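What follows is a set of structures for review.
You will see two complexes here that share chain A, one where it goes with chain B and one where it goes with chain C.
Right, the complex of A and B next:
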């Protein structure tokens, strides 16, 4: 028993060292993917397709934030729209009240949800998974009700326009509102988020949080603090959700309580589950699939949610690792058969 | 006998030839593409269905007559669920797909969300059933028009009626968004101007299922009269629950969009005797309206146009005539033809004010009663256009 402790610690350390060696590969891949995004507006001529793709990418960032939480903490948030909507409303309210420069508001709209999640996390990540899910739902719904009722501040159900200055970070604001340029902005943000989260997941901190997820008691006995890392994962996830909310507010220049509603949290969670959160990029893939189905089927029938529902059932029953899990498995089989062929 | 057969044959051939000619002419000219982001599902789905039928009727009628300005009329509907954020997305989708002349959304909050984007999307929007003052007031837009009566017009009708009433204490129950809030404010002003007091104001959220708490508050307030601005499913749910509480027996009730052709059909005796503003009725006796109602009955046997259907048809008339006048389907050209123009509608010749893009039309007041054995809102008082649509909104700077 006494020898097990250092061995476990060594395992965590070894796993993270092995992963850190691959850092340049991740950065290079991210750079290439981001560059590819710049080509998209040239290839896709249709404004409509571009605006749908922009929305899909913004939602992909939100789905990625939920997926990261599930992957690192093993906790499912039913109220992640709270961070998304909080950020969007912070942008909108700052436009109305002129409290600070818009650039600072963008940073605050990411930092405030993160700080909120960190301090709330110190209390609620200790709870059983179900209680955690219910609490996130409750917090998000109370924010929703607050914005719905508070007409004087935020226009209630009618929503509020996001007033923005003509330049943001020295960039013409029109660029954040035209689908062709906003797609590139959102795409680069998504790629950066996935790259950073991948590096975090492979770092010592990332491996440690997975170890805590698997067996919190054991990690504590080995000598790790287990509370703060989990709260930090929650905060990081909230910051990513906030980033999605900022992009949403910039692009649409309009926000309603719908941005805080449980149905948005639910949609993002469905995207994450369909895509499979075990891969950091899985939820983003799920978001793209969700948007394609929604728009292709939405044109044919108003009952498109039934198709998404059926898909969700198929994925949860047949592909518990989601579509990314399936793709990884196929890739592994392919590699193995090739190696077998060589031998 | 032979002659009549020959006449029929000639008639049919003429129709066929003109149809062929029309089709070939359509090929030459850009079609008129109308986008309808409306409530196909959600609390306002009944209203969505009413406006959808009116748009389809107008489009079929126009195409059967050889199109508008020699152009085929195409239409596309997308569901907005009465949610402003979704309405904005769906309207964007329609506009970017080329259906950039849009109309017939149900909730005011949706139109207020769409309005500021019209320039960016290079689109035009004609409101046909949405009442918030801001649409042609504080938030008016160069590409935004309205053909129906705004909240302030309803207040101008309710005020003279209120002056004749003996009830001194009134309660308000209105939907908690732009329209209901505006309607409540209009009623409050009308009450103040006629020496009445408002003792209870209630704004339940759109799509509520339980009104018991609000009904209890009205009962407890000692109100003798009640103003209701709830529509669609909300109106039906509220009316049923109010009936169970005996509210309609204790207070005199008046409303807007509450007891409509559509809701009265569902509610029946529950809402008998309720006073109501009527923005349009199939029973209006003008030659143009008689023709519209009889053509409607041919297209939808056994049916007559509802208030929302009639108002939306007026919107379609204005769009068609503006396109013809402009000789173009470009939103900028159509907007130019629309502002300050006069239009032949089923309610007579009406002016689209260039100052605030509000169509100047009459308004009506009545009660839910049996007409020829069927319960429906029946007109008792007509308010002419000049009184019903007072001067341009000073808040609008175009």
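Right, the complex of A and C next:
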């Protein structure tokens, strides 16, 4: 849990002012990290490795969106694939129906899941955390069934191709489908997402939502509206999930109901849990570990579901704060022993 | 009219599944994300047992096996984790969902398996001028039996009183000297046993596949939340209403039927955030 939970309006404001001073650091760090991404395709020659890394980064974005929801709202979504798949299907359906230019479709594919989450959120973030978790799974599975059964619209089980123009935002579409360039695009998106979410978490809004997470009643007595900020966090999280879905649709140029299935939600949730959502970057780290483990399993991947299930159980019980929580704790212990050494 | 009865059949069977979750929530204040897999496991166990022992013995084997499984789940998952945040238990049971589905796929394969109704119920009766399979009426009868059995058990026995007390306030109940751990093992066993029962009766209604749990859990969760989490009556009403409309949807607008339960739930929760029969905050 976050160390300092503000208890009144002045403290919420003070905490966010203190954090805003560090904004340039975050932006600079993000710029450097994004730039480093451009070097990766030169260093990593193997197409196979790059394919895998691109997948990992796209899933890392989805995992980050789940982690942000847990961190800011204390609510765990078991159905974030809903937003991922919704965005991917919106891209595909737009290609089929030619409703709008692809650039606009990209923006819509991020905005629609966000709006959907906001309005759904007005109803479901009020519920107990347990009901919220159950319903996210139910909503995602309903969309899965919808796409599975509506053969006329979306090809059912066979899925549908994502028809794209030859250029998108002035960039040759093939660059989105080649692993070496798509890795850079996804990487920059991931870095931007983490930077933006870090700034949001440190802003007045971010501090306020953490305060609501810790004690909604108190936040209300202090004079804040609590429902809309929580629904907004859900919407922001859904937008990030939608972004991952857009990247997925561009990269694969094909989408199946699998993009909405609970196993995808579950995998992304597991990444977030392994990485530890208390750090904004934790879930992305979890995604990398997830893909490394999956790749190392080799022949055992036939039983991959059982392995990730077991992994989830072990990590939840033994390492509830995830890897990032462990790292932070080690860091703190280290600092304390150094201070003790000085004294 | 026949469709309304079909909806009643689906609602009945949703009730048997959902009430198990209501029972578990009452004692442990958590839910079992693997409930759908238990349902699926129940269907496969009874299918395997029925091949040698016949439908009825298969049903008993399935309910008993799942009840034992539930008692183990309570002892080794719910009880040790009861001091942690609820989310820990949810994540662990969610992990179990992955493991069980993989196990069933490995043992029985991923192809659909169809199960026929027992001979005594394989005929059909004439209802409102059209033929209706006897087996479906049997499903309704099972749900009524479960509902009545639970009502009698909860209302008129001492253990039932403890269960009701605990679903209102588990901590106070434990302070009054009720061994909530033993009670919970029993209640979770009944809950998962009911999942085994609903899996068994679902066999002849729908084809068996490892993904059948993922399909049914949508409506089951929606029923539990709409009913108000702790209320048996709420779950009963929600199951019948949602089962009815989902079934009518499947007949008239099959493409979009899967979102109908969600819309009903949104309407109910919009008006009553605590669910149909949930306690006011």
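Quick note on the criterion: the second predicted complex is superposed on the first by the 316 of 343 C-alpha atoms of A that agree within 3 Å, B and C clash if a C-alpha of one lies under 4 Å from a C-alpha of the other, contacts with A are read in each partner's own complex, and residues count from 1 in each chain.
Convention: contacts are C-beta pairs under 8 Å (C-beta built on N, C-alpha and C of every residue); 3 or more make two chains touch, one makes a residue touch a chain.
Note that the structure is a prediction, hence the values are computed from the model and not measured.
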Overlay on chain A: chain C relative to chain B, clash or fit: clash
I'd like to know which partner A:150 touches here: chain B for first, chain C for second, both or neither. second
Answer with first, second, both or neither: which of chain B and chain C does A:177 touch in the superposed model? first
Just checking: does A:72 make contact with chain B only, chain C only, both, or neither of them? Give me first, second, both or neither. neither
Per-residue touch tally on chain A - higher for chain B or for chain C: C
When the two structures are overlaid on chain A, which partner does A:273 contact: first (chain B), second (chain C), both, or neither? second
May I ask you to decide whether A:47 touches chain B, chain C, both, or neither, giving the answer as first, second, both or neither? first
Taking the superposition on A as described, I'd like to know which of chain B and chain C A:237 touches: first, second, both or neither. neither
Going by the contact rule set out at the top, does A:161 touch chain B (first), chain C (second), both, or neither? first
Chain A residues contacted in one complex by chain B, in the other by chain C: 149, 151
Chain B - residues contacting chain A, complex: 40-41, 78-79, 83-86, 88-89, 92-93, 96-97, 108-109, 112-113, 116, 120, 176-178, 181, 205-206
Touching residues (chain side chain A, partner chain B) in the complex: 46-48, 51-52, 55, 148-149, 151, 156-159, 161, 177, 252-256, 258-259, 298, 302
Which stretch or stretches of chain A touch chain C in the complex? 76, 78, 120, 123-124, 126-131, 133-135, 137-139, 141-143, 145-146, 149-153, 261-263, 266, 269, 273, 303-306, 308-313, 316-317, 320
Report the residues of chain C in contact with chain A in the complex, numbered from low to high. 25, 29-31, 33, 81, 84, 86-88, 90-92, 94-99, 101-103, 106, 214-215, 217-219, 221-222, 224-225, 229, 254-259, 261-262, 265-266, 269-270, 273
